[in-house]
């Protein structure tokens, strides 16, 4: 009995989209307002989907308290109220776009949850713009 | 032209998570507050996804009034304002976790809708915790 | 500078509407499905509104962390995953309708927050049915 | 690194479900209130999902400003505040059901976005009734 | 113990904003796309607020089943899947703006509920544009 | 016929809560994570309520396109994708708390809309924390 469970979480962060290998003009052209040198920010909403086999004894795929604690410890604590560009080493050389941020969070959670469970992450930068990794 | 249509529904129920083959200590450890002997409850929200071929004459995959009536008759009427442990025979021997409840509802709806249509059920125990069966 | 701040919270509980001074027939007539002897339940969503003067030094009416902790300690901890009829002494002699439940929560929070702040509570039994106390 | 990005949009339109090859009785039976000769209307919400490879330089799958402009120009401008039956030539011979409308919008966007990107459209006729094309 | 209870409802309708005493140019200037001669439409969401004294025996201000039935009979049945301009006599001489529509619905419900209860209606034309009558 | 109309809007910004007249210890104690020197950010959602008399000719209190344009020009353009502390002169000497930010936006809109209309602003820092000015 293969099933998926979902858990939502949220945190707030600041970021700036800027490619240091490009001119200021190209950065402004590609990233527009998101290139503001003083940063801007978002309430990130996150939906974590975990797929696997239900445990017959507990009736659980995974204890959602355990999943929630992993998300709190390894995602919320790491990113909440942070500046992605300045406070997160991974974004020293990587553009903190929603695509790259979603990919980073997926890797963190997939490693913590182990290979018996398939993780998918949907990350909302705003209620109208969001990203999902991996693709179906 | 293969397409999916979705219909949302909701109902309220009480339940308790308790495995009679376990000690009280193990039940408390695994299920935490959900093990309260006096029950607790939820507003269950449900998203039913039906996939198949559109009828060229009507432009419908399925009349949503028909789908809505099937959901009312076979899901809402059976579970709304009920105690899952005491009022639903299926849960005499099965833990009424969201996973098992979603699986039960899927079986009911798939049988009523017939094998030409593929049913998937997403069941929200809370807006932040939910389950989908079958997995993609 | 008089302003209002709001904080949302949520918890789950079971209840039953039943007036012991009435016959079974009258209870069934007045309360319908809500009279089920085995209880049913809800995800209660709560919106707490606090009105008063902003502190010029902090720019806060009240630290929302403080407000959130008071709500957790005195509302969520007391009612979450509980059976209102069996686990909450107040409802021994009072019908646990949303109206009476909202009134009870308002009294708890108004007392904890003190008379310099005006508290209003909106309590959602479902997303479509809710109650506000005190009235405007 | 294959990923999906989503963009939400919305517009309002009127329509009527009526098959001219059927009798009035059959139209009333199949379409019910949706057959009202004077039309009725909806706030259509739309979720566009685009899947493909992330560009390493920009960190974007697609600039959401570009996607948003394509949706505005080719979907919102064409359908917003319109009568689907009278103002949209495609629905001269096609029933403007949500299924057929979703299929039409998908074709418009897939052509504009090109074959390197896979488009999926979810179209909400109401918050409780919606359609997705193509099916998973 | 004065309290407010709320009930949400929804229905779909078509309309057109057009003042027959104005020129076509003035109508186009004032109403823009909303002046389309072929009509457009909305999913109207409605929040009905009823304020009064709680009944000590029942714990209810008003049985929400009774309120819901009044809304269904006198609002939803009258307006759902209708064309406000053509199907509703009241709008023969009145512009079916959200303001005027909200005022009409308030009058209907206030009369049905009687003078012991104070009714307020919030009417959403879209999730971002809405109206409340009477004003606080 | 006195009525209220509402319009929702949203924008993203970064900020930091820090009182330069306090020690670092006191700032950390009062503002917690919100004191991060590198800033963090939010998706601000805003609900503008305007109250006054309906114009009998147009059926409008105010053309929502006009209201929406005023909000875009004087609020969204000024604050979207900005750093409140660094990009907004008003916050040189004022803590950019949600309370103070809501007060600032209210003043801007009340001035633009004139004294015949009463403006109230609800500003969401997150979906669970928000502020309203002026208080009822």
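Things worth noting here:
Just so it is clear, A, B, C, D, E and F label the chains in written order, and each chain counts residues from 1 on its own.
Convention: a contact is a pair of C-beta atoms (placed from the backbone, for glycine too) under 8 Å apart; a residue touches a chain by one contact, two chains touch by 3 or more.
Keep in mind it's a predicted model, so treat the numbers as computed, not measured.
Where subunit D touches subunit E, over half of the residue numbers in use are shared by the two copies, so each contributes mostly the same positions. Averaged Cα coordinates give subunit C a centre that lies 29 Å from the centre of subunit E. Subunit B and subunit E have CA centres that are 34 Å apart. Averaged Cα coordinates give subunit A a centre that lies 41 Å from the centre of subunit E. In subunit A, the residues that reach two or more other chains under the touch definition are 127, 136. Across the whole structure, chains are in contact as follows: A-B, A-D, A-F, B-C, B-D, C-E, C-F, D-E, E-F. Partner subunit D is touched in their complex by these residues of subunit A: 17, 19, 21-22, 30, 32, 94-100, 102-103, 127-136.
Contact residues on subunit E toward subunit D in their complex (touch as defined above): 10, 12-15, 33-34, 36, 38-43, 80-83, 86-87, 126-127.
Residues 1-9, 49, 51, 54, 57-61, 63-65, 136 of subunit D are the ones that touch subunit A when the two sit in their complex.
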